[in-house]
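Note sheet for the following structure.
Which chain is which? They are A, B, C and D, in the order written, and residues in each are numbered from 1.
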Amino acid sequence: MIIVMDHRAGDDKIEAVITRLEKAGFQIHLSQGVERTIIGAIGDKTHLGDVGLEAMSGVEKVVPILQPYKLASRTFHEEGTVIRVGGLEIGGDTVHVAAGPCAVESREQVLETAEIVKKAGATILRGGAYKPRSSPYSFQGLEEEGLKFLAEARELTGLLIVTEVMDVRTVPMIADYADILQIGARNMQNFSLLREVAKVDKPVLLKRGPSATIEEWLMAAEYIMSGGNYNIILCERGIKSFENYTRNTLDLTAIPVVKHLSHLPVIVDPSHAIGKWRFVPSMAKAAIAAGADGLLVEVHPNPPEALCDGPQSLTPVNFNKMMSELNQVVAAVGRKMP
Amino acid sequence: MIIVMDHRAGDDKIEAVITRLEKAGFQIHLSQGVERTIIGAIGDKTHLGDVGLEAMSGVEKVVPILQPYKLASRTFHEEGTVIRVGGLEIGGDTVHVAAGPCAVESREQVLETAEIVKKAGATILRGGAYKPRSSPYSFQGLEEEGLKFLAEARELTGLLIVTEVMDVRTVPMIADYADILQIGARNMQNFSLLREVAKVDKPVLLKRGPSATIEEWLMAAEYIMSGGNYNIILCERGIKSFENYTRNTLDLTAIPVVKHLSHLPVIVDPSHAIGKWRFVPSMAKAAIAAGADGLLVEVHPNPPEALCDGPQSLTPVNFNKMMSELNQVVAAVGRKMP
Amino acid sequence: MIIVMDHRAGDDKIEAVITRLEKAGFQIHLSQGVERTIIGAIGDKTHLGDVGLEAMSGVEKVVPILQPYKLASRTFHEEGTVIRVGGLEIGGDTVHVAAGPCAVESREQVLETAEIVKKAGATILRGGAYKPRSSPYSFQGLEEEGLKFLAEARELTGLLIVTEVMDVRTVPMIADYADILQIGARNMQNFSLLREVAKVDKPVLLKRGPSATIEEWLMAAEYIMSGGNYNIILCERGIKSFENYTRNTLDLTAIPVVKHLSHLPVIVDPSHAIGKWRFVPSMAKAAIAAGADGLLVEVHPNPPEALCDGPQSLTPVNFNKMMSELNQVVAAVGRKMP
Amino acid sequence: MIIVMDHRAGDDKIEAVITRLEKAGFQIHLSQGVERTIIGAIGDKTHLGDVGLEAMSGVEKVVPILQPYKLASRTFHEEGTVIRVGGLEIGGDTVHVAAGPCAVESREQVLETAEIVKKAGATILRGGAYKPRSSPYSFQGLEEEGLKFLAEARELTGLLIVTEVMDVRTVPMIADYADILQIGARNMQNFSLLREVAKVDKPVLLKRGPSATIEEWLMAAEYIMSGGNYNIILCERGIKSFENYTRNTLDLTAIPVVKHLSHLPVIVDPSHAIGKWRFVPSMAKAAIAAGADGLLVEVHPNPPEALCDGPQSLTPVNFNKMMSELNQVVAAVGRKMP
C-alpha cells in the first residue's frame, strides 16, 4: 500500500501515519520526493486494510498495491481451474453451451426446448423457476413445480441443469434439483446469498453485476470461496453504459482480463447483455474467439409467446444455425465442442 | 404502446401483430407513414406488457408509453406523501438529517456519536449492525448486539433509528429494534428482501442501486408498495460513471425528477456517493437546494479509527459546521430544520 | 414521430400541438387512450424535426420513430458498401489489418515497422504524424516530416497509409500524402473537421468517440457523406464506462449493430480500447468473429522506447503470433486474409 | 511514480526497469515486499512520464503520484483565480449568471432576450452564432451576422457576450466581437482549437467534455494556459451515464473537487446537462449551493419556436422566477448577486 501525503503535510502528520501503520503491523519505506512524501507500507492488506488512513489529516490518497482477493487470484492458483460436474469439464479444452428458456413456463415448453438444444449440441439446460423481475406485475416463475420439469428434462435428455437461486431460504431445496446454481447479476453483491451457496456442494455460476468492476466481481467469488465452495464459474453478461441501443454493453475484454487475474473459468451470456436476438450469434462467436469457456444462451420454441425475455431468445432454427457456425470458431481457437 | 414495423414488413406481418395485440385486449390505431407503419396499442400495459412483440417477425421496435409503475407514480397520488414515524414527518416542510457511523462498532462509539449528532440537530441516528462489505475479510458488523446499542442510544437521546436489513431471515428481528429499515444500494433489486420488508409495519429507506435508472428505482419501490407497505423513503446515493475521482457520481438531478414522477419523499446520502469527507458538506447543501427532504450522513467520533468508511466520515467538528451552514440553505429554499 | 401528452393536458393543449404539426407539414393520427392522448405525426423529420414540441405546454415526451441519418442508413443502401482504395477492397470478403506505431518517431522506426507488419500480413500502415495528446507536455508528432517517412514506407513496401488529421488547415496537405484520412475519437464531433474531410477525395476512417452512441457516430458519418464524401470506414475503439482496469470498454456488439443499421464497413482498434498489449490479440480475434471488416493495431519495434502508447503496442513477435492465430478465425467466419 | 512489479519478475527485470528510470533522471527507492517488489521513482513526471514502463517485461502496473497538470493546479496557485472581464469579476464573491438563447436566430430574438435577462439580473448574454449540431440537417447558426446582433445587444444593455468558437480559422474574427470565447463540450479535446484560443487575449469558458474525467478537463485547461492564456473559466455541463431520463448526468460534485484541485473558477450549465427546462431551476440552485461561481442558462422568448434546444430553454417568466429564488441561495452560502 502506498500513502501519498499532501504537499503541505508537516512532519508531525507524516509521523502520525507511520505510527499508525507500524502499530497495524506494516513495514515502512519512506520516500521524500521533490513535491510529495510517499510512504510505502508492506504487509498483509487483507487483514489490516481497513485502517482508515484516508481519513487521517495530511493524507492525499492511498493506493492499494495488492489485489484484495486471494483465493480467486491466479497468484494463488497458477493453473486454470477445471470444474467437474455431472461428467462435464468446464474450463478445460471443451467449450460448453448452456441453453434454454429465460423462464420455465410449462412442462411441454421445457421438454421441447431441452430436446432442441440437446440435439443442437448444448450440454446444459438453463431455465428459471424463480425469476427476478424488474416489475412486481410480471410473471415470477413456477417455483418448485418448474424445478420438477427441469429435473424431468434432465432425465430424458442427459442435459445438466443450471437454475437461479434468489432467496437464502430456498437454496437447499433448489440445490436438490439443480446441477449448477446460478447467482443472478442483480444478486452479485447479495452477500447473504453468497454465503449460503458457499455451503452447498454444487458449482455456482456467478453472473457479473451490471455495475460491478472486474475486481468487485472477483471479490464476490472470493466470498463464496472463502465460505468453502471453490467451484465458481464466472459469467459475463453485460454492464451498464450510456449506449442504450443494446440492453447492456457486453464487456468481452473482461474474458482475457479475468483469465489473467484469476484461475476461474468464465463463460458469456450474450442474450441478456444485448437484449435483441438478432445480434446474439455474432457475439456468441466473438465470446469464444475472446477465450470464453462456454456460453449461456436463451432459446425458446416460440419467442413471441415467451412469458419473459422473448425479444432476446433465439428460435430453434436460429439456435441451430448459431451452433453450427460456432463449431468453426471453436476449432479456430484450438478448442472443441463436446 | 407503440409498435414500429420494419420498413420491409409486409401486410401479413402487420396483420399478425395486430391480431396478437387484439387477443391481448388492446385497442388498435394503425398509422401508415411514408417510410414506416406504426401500430398504436391502447390498453393496460401493466398486465399485458409481457407479450413478446419485439420477438415477432417484422417488428423493428416497441416503444412503451405509460410508466411501468403505478402506486409509486404521482399520477396515482397527486400530493406528495408525508411519512409519519416516531413523531417526525418526512417529506413535509421540515428537513431531517440522519447521521451516525457507517458501522456500529461499540456501545461507547454509538452513544457518543448519538449525543454529538443529536446536539448538532440530527433527528435520526444511522448505524449498521449488519454490514454489506465488498470483502469477506472486512468487519461484517456486530449484528444483534449492535442493534441493542442503537436502541439504547434512542432511549438516551430520543433519536429515531435507521439501520440496514440484508437478509430476509433477520428482517422481523431488526424491525423490532429499528424505526426505519434501510435497503442498501446493492440490494435494491433483491426482490425477496423487498417482498419481506413489504410485510413489516415500518417505513423503508430504499437506496438507489449504483446502476439503477430512476425507473428501475421506482419499480423497486413499487415492489414494496404492491406488497402492502406504502411508507417508502427514496435515497439517492450516487451512481457508477467513468469519473473515478469520487467513489460514485451523485445524481442530484434525480431529486427534482423523482419529485416530478413520484409522490414519495427523497433524501440524499452524500457520504457514500462521494467517498471523501471533504466534499460532503458542499453536496449536502446542494442536495437541499435541489429539493431533497433530508440527508443521510456519516459521522464518526474518530474517522481514522473507523472499522468502515472512515475516509468519508465527518468528524464531530466538521458535522457541526456543516449543520450550521445547512440551516441557511434550508431557510433559503423555504423549508425548516426541526 | 409520436407525441405523448401529459395526462392532465386539456383539449386546447392537444389542439395547439396538432396545429403546430400540421403547419410544419405533418399528417396527424390522434389516439385517445385510457390514460394518455397520443399524437402520431407522419412526415419527414429530417427537415422539420427541430420544431420544439417538447417545450410546448402539456407535452410529456416526444418519441422519434425514424432514424435521424439517411445516407449512412442501410435503408438508403441495402447492400454493404465496399470501399476501393489503392487496390484494396474494404468491406468485402477480405479482412484488412492496418498496423504500425502510435506515432511516427523517426525514419528508421517507420521503415522497420512497415517491413515487419507487411511481412506479417498487414496491408495498411498506420502512424500518427500529428498526435492529439491529453497533455501539452507530451510528444506532439513530427508533422509533415513524419508524413514523408510514411510515404517512403509506402514506396518501399506497397502498404497503404492511414494517418490522422486534427486541424482543418492541414487537411489538404495531409491528403496529399495519405491514402486514408483518420478522424480521431476526440474529434468525432469536430464538425468543422468533418466538413473539411468531406471535400477531399480520400476515404475517411471515422473513429467512434469515447462517449458517442452508435446513433451519434452514424450522424458524424452523415456529416461527411452529406458533404459529398461517401467513402467512410467506421472504427470502434472503445467507449467510456465505470470499468477502469482497461483504458476503455471495447463495445464489440457495435459491429453487428452497425452492420444492421448501416451499409458502411466497420473495423476495430483493440489497442486504444484496451490500453494493455496483453489483451489485444484475444480481442482482435473476437472483433473478426463479431463481423468486423478489419483491424487497426499498434505495433512498435521496441514498445518500452515508444514516445506514445508503448503499453498497448505489440512487439513484432507478438504481432506475428496474433496474425497467424487471426488467420484461423478469419477462415472460420467464412472470410479471407489478403 | 510507483512501479509495481509482477510477482514472478526476476532480478534481471527489476534491474532493467531501474536502469531505465535512472537513465531518465529519476531517483529510485526500492521496496521488496512479501508478495511484490515496488519501485518508487522520484522526479519530474511532466517531462519524462512518457517512458513506456508499462510495456517493459515484468511490470504489473505503473501508478502515477503527481497530477499531470501544473499551471491549472492549486499547488501552483494557492489562491483562487478571479477573472476580470468588462468590469466583472468571475471567481470572486459575486455570482454571475450568463443567460440567453441556444442559438442566435434573429436580431429581434437576441435584443428581446437580452433585455429580459438583463432585467432579471444576468450580467452576461449567451448565444451561439456558430452551432455544433449533431445533425448536418439542423440549423447551423447565423455566423458573423449573429455576432453583429450580439454586439448590438451588448451596446444596448451593457451585458457581456459569451459565444462559441468551433473552428480555428474563425477564432480571431469571433474574438473581435465576443468578451468571452466558449469552447463547447465536444471540442474540449480539439487540441488545435485549444492552442488557438491560447493566443487570444480574451477569457475562455471551457466546457467539460461529456466523457471527460476531471483530470482530462484540467489537462485541457493546461493546454490553453501553457499556450499563454491564463484566463480560463471551467464549466460543468453534465457527463454521459446510463441514466437517460435526463440528457446527461450533471456532476455537481465536480465543483468542490475542481475547487480543491485547481484555482480556476467554475460555473455550471444546467440546461445542456438536463435537457428539460422543468428541472433547470432546482439544479441552478443546487449548483450555487455546491459552490459554483456562476451559471450558464438557456432562455428563449418562445421556446417552442426555438431553432435549437427549445425543450431545455426557460421562458422569461420561469427565468425571472428562478433568478429570484437564486438570490436566497446565493445569500445563504455567503455570496452575492451583482
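Criterion: a residue touches a chain if its C-beta (ideal position, glycine included) is under 8 Å from a C-beta of that chain, and two chains touch if they have at least 3 such contacts.
Computed from a predicted model, the values in this text were never measured in an experiment.
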| item | value |
| --- | --- |
| Chain pair with the higher count of C-beta pairs in contact (A-C, B-C) | A-C |
| Maximum centroid distance from subunit A, chain identifier (CA atoms) | D |
| Intercentroid distance (Cα basis), subunit C paired with subunit A, Å | 31 |
| Rounded Å distance between subunit C and subunit D, as computed from the means of their C-alpha atoms | 26 |
| Whole-Å gap between the CA centroids of subunit B and subunit C | 38 |
| Multi-partner residues of subunit A (each touching 2 or more other chains) | 211, 239-242, 244 |
| Complex interface listing, subunit D residues touching subunit C | 20, 46-47, 49-56, 68, 132-139, 166-169, 186-187, 189-192, 209-211, 216, 219, 222-223, 226-227, 239-240, 276-277, 303-308, 310-311, 313 |
| Of all residues in subunit B, those that touch subunit D in their complex | 211, 213-215, 239-246, 249-257, 260, 273-274, 278-279, 282-283, 285-291, 325, 328-329, 331-333 |
| Residue numbers on subunit A that touch subunit D, as the complex places them | 2, 4, 7, 29, 31, 33-36, 38, 40, 42-44, 63, 65-66, 75, 240-242, 244 |
